[in-house]
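Here is the structure we will look at, set down as structure tokens.
Chain naming follows the written order as A, B and C, and within any one chain the residues start at number 1.
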Amino acid sequence: MAHLELRGVTRVFPATATTAAVEALGPIDLAIERGEFFALVGPSGCGKSTLLEIIAGLIGPTAGAVTLEGRTIAGEVPDGVGIVFQEDASFPWLTVRDNIAFGLRQAAGTAAETRARVDHALMLMGLADFAGAYPVQLSGGMRQRVCIARTLVQRPRLILLDEPFGALDQQTRFLMGDELIRLWRDTTATIVLITHSLDEAAMLADRVGVLSARPGRLLDVIRTPWSEQRGSGIIADPRFGAVTARLWQLLREESLRAMAAGGARP
Amino acid sequence: MTPRAVRLALVIGAVLLLEALSRLGAIDRFAMLPPSEIVWHLGRILLSAQYWPAIAKTLGNVASACAAAVVAGVVLGALIHRWRGLRETLDPLFAAYYAIPVYAFYPLFIVVFGLGDLPQVLIGFMLGLVAVIVNTLNGLDRVPRVLTKTARIHRLNALSAAIRISLPCAAPYIFTGIKLAVAYSFIGVIGAELIMARTGLGYEIGYAYNNFDNTVMYPLIVLVLAIAASVNAVFHRWEKKMLARRRA
Amino acid sequence: MSPGIHRAGNALVLVAGLLAAWQALFWQVGANALAPPLETVRFAAELIASPAFRPHAGETALAFAIALFFAVSLGFLIGFTLGASRFAAEVGEPILVGLYSIPKLTLYPIVLLAFGIGLPAKIAFGTMHGIVPIALFTMGAIRNLNPVYLKTARVQRMSRVQAARRVLLPAALPEIFTGVRIGFSLTLIGTLLGEMFAAQRGLGYLLMTAIGVHNIRMIMALTLILVCVAVTVSAVLLAIDRRLHARA
């Protein structure tokens, strides 16, 4: 059984008094295996973020179903799912440590266990020196690491990332990508990464799904030839160019179409 | 010269001017005492403990009115924020609220609740409540959507999400409402005491006025203004600090 | 459904809700404490029609109009002066904010001593209440003017007067108007309060008399009239305010 399965998932934003109904997404059929690293790319406005929120259970599909570990996700966020958003979701009124510990309040376990897990996450994300700082004192990249740490510390089995490195510069993105691979190997979670960077998708993922312009449909799923020991060094691999070329070949038309349609995010 | 220094100089200058005009007789002693004498009498009054019950009564009522307004205001604000229909219905009330002469209800309160502390506290409460509600609504409006989504990802129920995420996030704006509630509680309680109460600083000021006793009236007025201004200034500074801490 | 009709619908629901609560409260507390809505409305209508009413209403209106005139003119004067200079604004703002927050009713005896009983005292009191928010908001409007407007005026080689009239004033108008709207309500409240103490005529005086003889229906009818007038005017001003801000 696939870890995460989407069948006929469609999302239509209903008509309002001033606008017509918007077919945002779908239908999408997709099966993702446990422990897989899956990336999604597509032009602006194709519904990538909407799809992620549907998978997370934040919004419901207008048609079709999403099953996680065999159970259908219906209007509620299921257990074991973590998500890192594009925007900074750190809590400005808590320290880094308290931010990370936030989700563990309800979890079972002694105070000592909680503290150990938070310490481990701090170390893993390189935040140990900033445990007592407030998010307002950190850079954007550091704050995003706090959000990732906060997600990881709950040991989710499915991690969703919506352009988490969008606000960072290219070099930092490569380094963060390496960290993400390291975390993926450590936690053996299933990862779904949305990115607009073809390089990033090609370099990090087992498979890359390419969405068309709105309404987003899966044009193709490209499998990458990398082993688990991957990272930004893959750039040197001769096969890297072929993967990105294939991705761009699929996307070029769609991107032009999206640009003509205005390309605005819904 | 810093603005603060200039301000201080202006205030001191105004006081000195009043002093001079009083001493020179340009201001009638019947109308107003020289500032120096007012201060002297104030010291005398405070030391004599004669008016301490009145001071305690007024401050107690102000505190009650303020606390009630803040608690009720935050809770109501949070509830109204959840139900859009309710909010849309109440919106015109909030917009027009501060145009209503709330003091006009004071006689009604006395008739319904008698002549104890409750009417004054109610007036202070009524004045402060809507300020807290409106600012709580404003603060909750500004909670970034990403934090609301985070609450759902952490599978918090509505109450937990409000207490652990929405309200802390909105705290600086709620505090603006608290600051206003403090000011309005003073205005409401003391004003009501002046109009019709039988105890409290407002009442004592009115009593002194009716008895032509400037040596009590002016010091008490100065005392009320000083307390109100200082408390408000403290809260104003806290508010600024809270807002600054959120901005990088 | 257009937003205008939607809003009107909400207002109706609100009014209906308030009336229902009023009636319920009456059943709870009895005729010695409250008068029910229908009876109050009828009494109010009779009151307005009665010949004795007009002179009182006129007196209040006169006092209010003059107080508003002073509040607006002086408020603008102070606001523009302080707004024009950054240093002046930094010096003056805390003073204005402080004045805004103190219970002005406390100063009442001083006003009476200075002006005696009658129209001048009422006007003074009304002006006192309205001048500060008008000054504060005018000052804020000028200070918050987008510098690009000033630069545009200079590039167009306008004289200072032209720049003020054609560029700065329209740009600052929304915020200035908000101050005037708030000042309007507060001046009305101040004038009424003044009438409650320092008058032999006027609606506030009528209210005070009614309190004195425990005439419940009169108290409630007057309160109703005052609230209705205040809310109606406030709603009109708010509509203008909204339109000005929407344009900005």
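Everything that follows uses one rule, which is that a residue touches a chain if its C-beta (ideal position, glycine included) is under 8 Å from a C-beta of that chain, and two chains touch if they have at least 3 such contacts.
None of these values were measured; they are calculated from a predicted model.
Asker: Graph of touching chains, which shape: line, ring, star, complete, other?
Answerer: Its topology is that of a line.
Asker: Specify the chain most distant from subunit C by Cα centroid.
Answerer: Taking each chain's C-alpha mean as its centre, the farthest from subunit C is A.
Asker: Where the centres are mean C-alpha positions, what is the separation of subunit A from subunit B, in Å?
Answerer: Distance between chain centres: 49 Å.
Asker: Rounded to the nearest whole Å, what is the centre-to-centre distance of subunit B and subunit C, using the mean of the C-alpha atoms as each centre?
Answerer: Using C-alpha averages as centres, the distance is 19 Å.
Asker: At what distance in angstrom does the C-alpha mean of subunit C lie from that of subunit A?
Answerer: So the centre of subunit A lies 54 Å away from the centre of subunit C.
Asker: Note the residues in subunit C that touch 2 or more other chains, in rising order.
Answerer: none
Asker: Flag every residue of subunit A that touches subunit B in the complex, lowest number first.
Answerer: 53, 56, 58, 76-77, 79, 81-83, 85, 87-89, 91-94, 102-103, 105, 134, 136-137
Asker: So in the complex, the part of subunit B that touches subunit A is made up of which residues?
Answerer: Against subunit A, the touching part of subunit B is residues 144, 146-147, 149-150, 152-155, 164-165, 168-169, 171, 245-248.
Asker: Report the residues of subunit B in contact with subunit C in the complex, numbered from low to high.
Answerer: Those residues of subunit B that touch subunit C are 3, 6-7, 10-11, 30-32, 88-93, 95-96, 98-101, 103-105, 107-108, 111-112, 183, 186-187, 190-191, 194-196, 202, 205-206, 208-209, 217-218, 221, 224-225, 228-229, 232-233, 236.
Asker: Where on subunit C does subunit B make contact in their complex?
Answerer: 6-7, 10-11, 13-14, 17, 29, 32-34, 87, 90-91, 94-95, 97-98, 100-110, 112-114, 182, 184-186, 188-189, 192-193, 196, 207, 210-211, 214, 216, 219-220, 222-223, 226-227, 230-231, 233-235, 238
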